[in-house]
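Structures follow.
Next come two complexes built around subunit A: one with subunit B, the other with subunit C.
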Partner chain A sequence: MITAGIDIGSLTAKCALMRDGELIAYKVIKVSPNLEETARKVFQETLKAAGIKEEEVEKIIATGYGRNKVGFADKRVTEISCHAKGALYFIPTTRTVVDIGGQDSKVIAIENGKVAEFVMNDKCAAGTGRFLEVMAAALNLKVEELGEVAEKAKRATKISSTCTVFAESEVISHLASGEKVEDIVAGIHEAIASRIAAMARRVKIEPDIVLTGGVAKNRAMKKALEKEFGMEIKTPPEPQIVGAVGAALFA
Partner chain B sequence: MTLKKLRASDKMKQIMAGYYMMGNQAEVNGWVTSGAPVELLYAMDIYPVYPENHGALIGAAKQGPYFSDFAEKRGFSRDLCSYARCDIGCVYAGTSPIGGLPKPTFLFACNNICNTVVKWYQVLSRIFKVPLFVLDTPFVRKELKESYVKYVHDQLYEFVDFLEKVTGRELSDSKLRETILNSIKGVNAYSEVLRMARHKPSPLTCFDAFINMAPIVCLRGTEYPIQFYAEMKEELEERVRKGEGAVDNEEIRLLWDNIPVWYRLKWFAEFFAERNACLVADTYTNAWTGFVSMDKSDIFWSMAETYTFIYLNIGLEHMAEAINRLIDFYDVDGVVIHSNRSCKPYSFGQYELQKMINAPSVVIEADMVDSRAFSEAQVETRLEAFLEMLR
Partner chain C sequence: MNVGYLCTYTPKELIDAAGFTPIRIFAGDAQISLATAHIQSYACSQARGSFERALRGELDVQAVVFTRCCDTLMRLADIWERNTEMKVYNLEFPTRVEEKSKEFYFNELKDFVKVLEEWGGEVTLESLKESFSLYYELEEKLKKLFSIKPDYDTAKKVQEMNVRDAIKLVDERLREAEGEDKKPRVLITGSVCPFVEVYKLFEDAGFALKDDICTGTRFFTFNTPPRDIGSVDEGLRFLVEKYFDKAPCPTKHFPKDDRFNYVLELAKDCDGVVFLLLKFCEPHFYDYPQLKERLEEMGKKVLLLELEFPIASYEQLRTRIEAFYEVIA
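Our next item is the complex of A and B:
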């Protein structure tokens, strides 16, 4: 049986195609304001990549904040359940999932292969991908470059504000006072990591901890989180599609 | 999706319309906080005005941001309680969805629900140039000490002096006993209504409880709640006899914590009903069901005890105990915790409470009246994920 999982996030849309529980193709595209259209597009592109016709797909499951806008889906499941299932698919020993998405971040505790508890960030951009984007813009860097730049740092500049807006002006004043860009970037990573760790402590954290979402590609972020948790963190080969894979498995 | 409606709700609207009309004719009225010993007022034929109930009404009318703005423009912070902001806002606006509240003769704030009421009523006192009485109830961290009760007890006598001076009337002991008896009967009738949710499926949701709570808050001590809740109970018994639940195919039973999100009551009710989940009970309406003791020899002592040991004036261990009692009594599968931007004493410690209670829970962030603090997509995802987790 072929199933599709479509994950419509705030920044990117992901689609995963699975045949009998095995991943056969996936795609990640940028989200456009029309979510239904975005979902169609990412689905078609994935079908094309797999060389599969639409009729061959038996079930389509939508997830992510745009899940209710995917009219052609057979079922909708929240990203919490999907990230847990997807993480277990890639790393069966997963007990804790940390997902840093574009507009929210979440920590999920897994027991006996099921979601036992979860927490999400409050109504605030701190500790999300958006925080990194805003900081990258303030430093005139691309968000993809942040990890690399941070790794060059000798020390991390302390960013004391957790608020995205205040942290942005703090970063600008650090720049003005001559702090090195790489040190500031390292400080930004630490700020997010401490914010996420504070949230994560509300649930039971057990190894293995798996980091998912686009931010997981950033090695400096992974390191900063490991330092905060005092534990090794694993990342799946394609951290961005974990939610989509989980969705496809919910068919 | 059509929600099942209780006939009682129409009756409630009539009673409350009557209550508000009474206010315009009352010779003497006092603005009081929701947890104040209103029995003393009714016993002296003083009409109690409830700014908090008025706030809930403004929230339900989706007018929160509009009236709040009148206060914010005068410098009141958006971090302040939205009941307070709306109340003060309506005073400045000179109107409200019900044409404003009648001008107070005096003000009576009891800080057993929060300390915002103290400053809020001081502001009102300056605006209206009327006297204010603050009943100070010590916070009960561990046990209810005799010294606390004595302190409140003495203030109750001072309050009677205050009332007699302001109104020129005298408090009659027999009238007070009669009022308190009515109060106990009303509270019991109300408790019995709430307890009907113990049935499976539950004949009522916490939304029914929220909608129909105004009489026990505003008319406690009069005959109205006694009769109203007896009738409401009959209607619920009818549902139980027919095996009819408030929600079709009740699969998941939940408990709500904190003040309702008034401007989204219908949205929440539909959200859960569509997913075969029933919020059978809540900590908010249950706060009006407790009379610790009513020792007939010293009713002032009983009142002092009752009004000091109320849900928002007790330590976390007591709160967790109360929640666990409800979890157990109503046999719920989970708890939905509203972290209410407005109500600090109610929302403080909720993440600690999560660890102390005997059921899985989820926290959602919102505000009781200010819809600007509500994000539909965020709340929806948390609640859906929670239901997925419980299934």
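Our next item is the complex of A and C:
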């Protein structure tokens, strides 16, 4: 049986095609304001990549904040359940999922292969991918470069503000006082890690911890989180499509 | 004259018996702006939002009774008095609800009767009897309605109208009320939530509802049926008993831990418990960690939802509620 999982996030849309529970193709595209159209587009592109016709897909499951706008889906499941299922698919020993998305972050505790508890932050940009984007812009760097720059740092400049807007002014004042860019970038990663850890402590954190979402591609972020949790963190090969894979498995 | 109140410990019967209409004050839909000139932003949005409506002239009330509950509402009383034309009265409900404080509260009620008289009302034995029986009728009918299916729209409306009209409304709803098929049941516990859309999110997700909310069942859950009274004083003694034995709230202290026992009992036949807490609501948040632990010991799944009025994004709440449903179902 071929199933599709479509994850409409705040910044990117992902689609995963699975045949009998095995991943066969996936795509990640940017989200446009028309969510239904975005869903169609990512679905069609993934079909094309897999060389599969739409009729061959038996079930389509939508997830992500745009899940209710995917009219052609057979079922809708929240990103909480899908991230847990997707993380278990890639790393069966997963007990805690830390997902850092474009505009929200969440921590999910898994017991006996099921979601036991979860916390979400979606009210504030602190501890999300958006925080990194704002800081990258303030430092005139690309967001993809941040991880690399941070790894050059000898020390991490302390960023005390939790609020993204205040942290941005703090970064600018550090620049003005002559702090090295790489040290500031390292400090930014520590600030996010500490914010995520503060949220995560509201649920029971057990190893293995799996980091998902676009931010998981950033190695410095993974390191900062490992330091904060005092544990090794695993990342799936394609951290961005974990939700979509989980959705496809809910068919 | 309409007399506003915020706390469910307010003896509405006395206000009604004096010839006034008690009207519950809720926060509104508008962004809080005027009130910020008078109240700090770390006071809850129920306090700020209610006062906002007063300053915007949205409230048709000429007096407000503040019944002692949380510190924020008590201090709001002073702010309200200084900044509106309304009459304001502080009713001291004892914080320790026990035998010893009954006499104190009886005297408080006597003082309150005098105040109502100063405001131009008159409490007689007859009017008191009538109000007791009307409120009892309303409370019992709301209990019946909620036992068929909780109706938060009606619960909210009846708190903003005269008890006589409220009974008619509940009668109407009772005629139409239909029970529902078996669904996973969730207990919603917390302070106030007059935004009925929130309960709808739970229903949409597939839950059957039960609540321990100040604007829900705590408004009408009393356990003292009216009895024959021979004088106004006897009536006041009845009110002391009625309000000492109502659905308890965390702003009060009970020698036998009534509050926790009440919530744990309500949770027994529920599959999960959602704490619907208003940001900066200290009484509820101080209880949360311990209460959560006790509920988890009972094997209940627990979710914390933090609210601020007016509610900015229902979709974010929806995701959490749907995910909680997926955890339970």
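Here is the rule we go by: the second predicted complex is superposed on the first by the 250 of 251 C-alpha atoms of A that agree within 3 Å, B and C clash if a C-alpha of one lies under 4 Å from a C-alpha of the other, contacts with A are read in each partner's own complex, and residues count from 1 in each chain.
Definition applied: a contact is a pair of C-beta atoms (placed from the backbone, for glycine too) under 8 Å apart; a residue touches a chain by one contact, two chains touch by 3 or more.
Please read all numbers here as calculations on a predicted model, not as lab measurements.
> Specify the outcome, clash or fit, for subunit B and subunit C once both structures are aligned onto subunit A.
Aligned on subunit A, subunit B and subunit C clash with each other.
> Quick one: is A:Ile233 in contact with subunit B, with subunit C, with both, or with neither? Answer first, second, both or neither.
A:Ile233 sits against neither subunit B nor subunit C.
> Now for A:Ile2: first (subunit B), second (subunit C), both, or neither, which partner does it touch?
In the superposition, A:Ile2 touches no partner, neither subunit B nor subunit C.
> Contact-wise, after the overlay, does A:Val77 reach subunit B, subunit C, both or neither (first, second, both, neither)?
Touch status of A:Val77: both partners.
> If you stack the two complexes on chain A, which partner ends up touching A:Leu47: first (subunit B), second (subunit C), both, or neither?
neither
> First (subunit B), second (subunit C), both or neither: which does A:Tyr65 touch?
both
> Is A:Met120 contacted by the first partner subunit B, the second partner subunit C, both or neither?
both
> Just which bits of subunit A does subunit B share with subunit C as contact spots?
Comparing the two interfaces on subunit A, one with subunit B and one with subunit C, the shared residues are 65, 77-81, 114-118, 120, 122-123, 202.
> Taking the complex as given, what residues does subunit A use to touch subunit B?
Per the touch definition, subunit A meets subunit B at residues 65, 77-81, 104, 114-120, 122-123, 202.
> Taking the touch rule as given, give the residues of subunit A at its contact with subunit C in the complex, in rising order.
Touching subunit C: residues 65, 77-81, 114-118, 120, 122-123, 202 of subunit A.
> Which residues of subunit C touch subunit A in the complex?
Residue list for subunit C touching subunit A: 301-302, 304, 315-316, 319-320, 322-323, 326-327.
> Provide the residue numbers of subunit B that touch subunit A in the complex, in ascending order.
Interface residues on subunit B, with respect to subunit A: 339, 351, 354, 360, 363, 365, 373, 375, 377-378, 381-382, 384-385, 388-389.
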